[in-house]
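One chain, chain A, links the two complexes that follow: it is found with chain B in the first and with chain C in the second.
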Partner chain A sequence: MRLKFREESFYSLLFLTPAIVLVGVFIYFAIVWNVYISFTDWKGLIPSYRFVGLENYRILFHDPVFWTSFKNNIILIILFVPGSLLLGLLLAVLLDRKIKFENGFRTIYALPFALSFVVTATLWAWMYDPSDGVLNTLFSILHLDFLKSNWITDPHVALYAVILALIWQFSGYTMVIYLAGIRSIPSEQYEAAIIDGASSAQLYRYVIIPQLKKPTLSAFVVLMVFSLKAFDFIWVLTSGGPGTSTFILAVEMYKETFAKTKFAYGASIATVLLLLSFAIVLPYLYWSYGGEKE
Partner chain B sequence: MRTTRLILYIVLIFFMFIYLLPFWSAVTTSLKTGRQVTMTTPIQLVLPPYFGAYKTAFSELKRPILNSLLFTTFATIFSVMIGSITGYVLAKLLRESASKKLLMFITLGIFLPYQSILIPLLRIITKLGLYNTIPGMILTHTAYGVPITTLLFTNYYYEVPDELIEAAKVDGASPLKIYTSIVFPISIPAFVVTAIYQFTNIWNDYLFGVVLTRGEEAMPATVKLANLKGSFVANWNIQMAGALIVAIPTLFIMIALGKYLIRGYTSGAVKG
Partner chain C sequence: MKLPLGGVSMKKAMYSLLLVSFLVFGVIASGCISSKTETGTTTVTVTKSVAPEQNVLEIYHWWTAGGEKQAIDAVFKKFKEKYPNIEIKANPVSGGAGVNMKMVLQSLMLAGKPPDTFQVHAGYEMSPYIKANQLTPIDDIWTDDMKKHYPQVIQQMVMFNGHYYAVPINVHRANVVWYNKHIFEKYGIDPNSIKNFDDLIKVAQELKSKGVTPFALGDRNKWPATHVFEVVMLSVGGVQFYQDFINGKITDPDNPTLKKVLEAYAEYLNYVNSDHAAKTWDEACGLVYKGDAAMTIMGDWANGYFKAKGWKPDVDYGAIVLPSNVYDLVIDTFVLPAKAAHPEAAKKWLSFIGTVEAQNTFNPIKGSIPARDDAPLDPYGPIQKQFIKDLRSSSTKLVPSITHGSAVPPAFLSDLNDIISTFVTNKNVDETAKSIVNAVKQDLLPNKIKEWKLT
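Moving on to the complex of A and B:
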């Protein structure tokens, strides 16, 4: 019996080693190292680890580009997160009505989410091209000229154009999450409500939507964290421009670090991003693993 | 009732057109000559199609696509294997309290903004001599794949009844033997879902590729596609052909194996 126990611990340890080493080094050690770099004066390609305390953060919080990026991040969150959730919910509710070709519709709506952001950014660069691009041409044909715009080349429009395209890409994901949520509601509840004479609007309002808290919360966290780390799509579509009109924190971090080789300064932006995402994720993880049992 | 059904379908088809518009205009544009791109609207399909843009785009992307296929395949295999054995230990060998803590320790990585590890990652990979190499890309994608693969497998193994394993334990089988003869065979569905999910994720990555590679030796297809945007600025036909070529593997997965990919999303998965 004693031997058995030791054999089991031995294998547990053996099997856990790769995951713990990889996560330990590439996540936890790297996070700590990054925070440490943010306290140094490392600039240029050769690492220098002279300690300068909070100097980078002092400069960062006085940097107008940082505050522009921060503001754009907030706008992104305010529009993109509810936009994707609501459109996904709408599509899920529409598809949940015994539709013919449901699989076909679902695949088409979810298609954008399966693609690389580099691919979708390339497609949307053509959509938004001001001279011969898809949207402006289409609006001309449909005599909707008032909808024409310079899109990503207009500093007042660019950020909203980016957000619109991101909602296009993510609403298929939220649809899938909501559809699974709706389908997991026990059918007795539907039947009870229908026997009580509920209309389908009432059925959704009082029976289905209140039970979608869990999928809403997990999609919410995913979308929030994405809004913080969003980089690929914006970088390929606008590189943060025109000017700094589509700068968000992740774009600023990349530009400072790899274009200007200000590594310590970039590390301080990265640390801010880390803290912001922890503020969202840690309560969620605590809620899903800690508090209540499944 | 009939009219509401009709309106429902009209709305669904309207959304379908919106979701497909970027793809449609990419397909039509990729099949035109440069002159046709300026002379016709992006909505029109010009016949007979011109394949020159695909030829140019493909010759640019050939090597990066091979790189991506190579490191995506290996990193998928490694991260899925590690996720499976880790999930087995967490769900079946450890006490619940220890398993929950370890699971939280590992899965925090799912929600990590990669910016916050990017500079140390570049240093680690460079120090190991793996900068701009395929093994460097495999190692990186394996490491950052482990949190999600572990979560997917652990959730799957929680559902496996303990009796199945207890019976084998009584017969004196070692945990390794139990894994290979019982756990592994029943987890084929989890392997399929997780592998498809990982393949899509790794294939689509841009950030690690752009930071950890420089030359054609290891550059991923996504990075090369982004570069094409700079070298073929106004050649929309070449850009669209390139985008569609890079999209093929994941489009294929969504269309042919979408069921599994969607199961990956709904089991608490994330992107990007």
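Moving on to the complex of A and C:
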């Protein structure tokens, strides 16, 4: 009762200290350390901290595999993020129509997200097998042979096959976010719109979807960050192959660092990834916090 | 104002909070310090357990699948009989060819806490550890008896800068064409007629014209494609070229032999199953087993696969060695880390696996053959017996495998896997030759620490 405001903030600081220390050491220090390593010549299992400036970056920007990975990463972002958002929105809208067994459907759609990437990647390897995989067999039975593809074995298709599988896995997540967003809209607004004679298409177009900016933003950032660090799913499904056709930056970073023990070079790829995520997260922070003040 | 502490007094809460943050700090600090205190202060020992007991042997290996697990367990049992006071702490890390274990070991090594001994392929796969001075030479383990009974090339594979670093426990063979005997009989193909690569292609043409897929390949994990590349290189390029290749002497993208090898491989690829990039090596063996393909090029661990399926050697399936006078070696060894906590126990283990007793316990179950040339043949099957005779014959040329980590530095192998995986999809000989030569300059030569002498 005698506690003053300053004391209160002292306590909150005290309670936050363990978290700040842990995050500080294991995330922010690690980030700084990584950037520092990328300026050294560390190769092999003995750490070497000889400063070589931007040498690693110079080699990196002349490495065709880096540019393949970079390009693939951009394609992944461009297709995967809107794809997951749209499919998730569609599922949420369908589930919102007061259908029977909503809980059951919701669980089914959200389940893939609860599964480990190693499990789903193994599953999709089996789906995509060109000769006796699920998809091609299904298309044969349905006489839809024109839809058959070599999927992950064709270097021109493999990346898109990977993206399709990822959209499947993440749409359950975006569905949950959107459904919560739709449900949080006050029912008065629906009623008012319906009294005004809005059709259900108009209801979504003018009342519901415009209010989903927040859930879209938060899902957007999660998906973006995932597409930058997606590794396990791709590693298990294709190992980056055929050739380097499904390499993304995280896959190349892993190979350079651990298969080739080029620690400094791997760190420079990680730094590029860090800059890319800044490029995504900073506008988001600006938009979401800056927008609130208005 | 009151903090929501549920009846606990403020003072008490403060103390517990302080304690918690202190503990968290302590854990972090000890994690950072204890890895650096090999010679350091005594105060840190609070977080460490009591002084290490000498009678423990901590082993890392990757033999976790059916037969191989039983094989290593049998060796452990024999070792225990001999040294009842040593307690074996085995840490199996699953993942074929140790793909996952390498990562675990690298972190253990960097933290300065390696196991007492671990499994590693002979040759360059151990070079990152040797370059970092993390392995101890074991010249005293290599008795004259061992030197006499291990083939010269195998000794070369565990030697760096004139010192022995590992003891081989087994020998696998990479250059084998496995075939479905029923298919060969049905189409009247004589396996003895296949003496070289051209013969193999002729048989493939014949089978293809009759609607049979000649070769099964499963290169989803990339290395099986490199494996075939290696066998084609030995068959078409010859042992001398192979030696030049692994020594980093092939630096001209227009090297005619390199191109010839790639062209031969491209020809081979005309006869493989179309879905090869979706399959794994064992699924490719499965195609041969089911009769969907006639042959597959794979190491002799395929023998274990066919046996596990209930097939009988020389009845249901057979093996053709290509090229017939070459033994492409894949060898598992154990080493002694420089910072091993129990080096004495580790040395006993290393001496033990260098004996006929250990090798003839392990290999009949594992499906490989003993590395020593004086191990009796009785416990082995017909194909293994043939391989043992080949290994001991003076007309056989022994070569270290590229794909399985022995012949070239790991960085170059990683490049090669990607390059060959691309080649398999586009069959572009000129591009691939260029990429290979670039990789030789970038990742083979800078990491080269030994010169192979195979001929």
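Going forward, the second predicted complex is superposed on the first by the 269 of 294 C-alpha atoms of A that agree within 3 Å, B and C clash if a C-alpha of one lies under 4 Å from a C-alpha of the other, contacts with A are read in each partner's own complex, and residues count from 1 in each chain.
Here, a residue touches a chain if its C-beta (ideal position, glycine included) is under 8 Å from a C-beta of that chain, and two chains touch if they have at least 3 such contacts.
Everything numeric in this text was worked out from a predicted model, so none of it was measured.
*Asks:* Touching A:Thr261 in the superposition: chain B (first), chain C (second), both, neither?
*Replies:* Only chain C; A:Thr261 stays clear of chain B.
*Asks:* Give one of first, second, both or neither to describe whether A:Thr120 is in contact with chain B, with chain C, with both, or with none.
*Replies:* first
*Asks:* Once chain A of both complexes is superposed, is A:Gly133 in touch with chain B (first), chain C (second), both, or neither?
*Replies:* both
*Asks:* In the overlaid three-chain picture, which partner chain does A:Tyr173 touch, first (chain B) or second (chain C), both, or neither?
*Replies:* Touch partner of A:Tyr173: chain B, not chain C.
*Asks:* Examine A:Gly243 and indicate which partner it touches, taking first as chain B and second as chain C; both and neither are also allowed.
*Replies:* It touches chain C, and chain B stays clear.
*Asks:* Based on the superposed arrangement, let me know which partner A:Leu159 touches: chain B (first), chain C (second), both, or neither?
*Replies:* Neither: A:Leu159 stays clear of chain B and chain C.
*Asks:* Can A:Asn34 be said to touch chain B (first), chain C (second), both, or neither?
*Replies:* A:Asn34 contacts chain B only, not chain C.
*Asks:* With the two complexes superposed on chain A, say which partner A:Val25 touches: chain B (first), chain C (second), both, or neither.
*Replies:* It touches chain B and chain C both.
*Asks:* Of the two partners chain B and chain C, indicate the one touching more residues belonging to chain A.
*Replies:* B
*Asks:* Check whether A:Leu212 is in contact with chain B, with chain C, with both or with neither, and answer first, second, both or neither.
*Replies:* neither
*Asks:* So which bits of chain A does chain B touch that chain C touches too?
*Replies:* In the superposed arrangement, which is not itself an observed complex, chain A uses residues 8, 11, 15, 18, 22, 25, 47, 125, 129, 133, 258 for both chain B and chain C.
*Asks:* How about chain A: which of its residues touch chain C in the complex?
*Replies:* Checking each residue of chain A against chain C gives 1, 3, 8, 11, 14-15, 17-18, 21-22, 25, 44-47, 65, 125, 128-131, 133, 150-155, 238-245, 255, 258-262.
*Asks:* Inside the complex, what are the residues of chain C that reach chain A?
*Replies:* Residue positions touching the partner: 1-3, 17, 20-21, 24-25, 28, 102-103, 106, 109-110, 128-129, 131-134, 219-222, 273-279, 410-411, 414-415, 418-419, 421-426, 443.
*Asks:* Okay, in this complex, where on chain A does chain B touch?
*Replies:* Residue positions touching the partner: 7-8, 11-12, 15-16, 18-20, 22-23, 25-27, 29-31, 33-34, 37, 47, 91, 94-95, 97, 99, 105-127, 129, 132-134, 137-138, 141, 168, 172-173, 176-177, 180, 218, 221-222, 225-226, 228-232, 235-236, 249-250, 253-254, 257-258, 263, 266-267, 269-271, 273-274, 277, 280-281, 285, 289-290.
*Asks:* Using the touch definition up top, name the residues of chain B that touch chain A in the complex.
*Replies:* Contact set of chain B toward chain A: 8-9, 11-12, 15-16, 18-23, 25-26, 29, 37-38, 41-43, 82-83, 85-86, 88-89, 93-94, 100, 102-109, 111-121, 123-124, 140, 142-144, 146-147, 150, 174-176, 179, 200, 203-207, 211, 222-223, 225-226, 229, 236, 239-240, 242-243, 246-247, 250-251, 253-255, 258, 261-262, 265-266, 268, 270-272.
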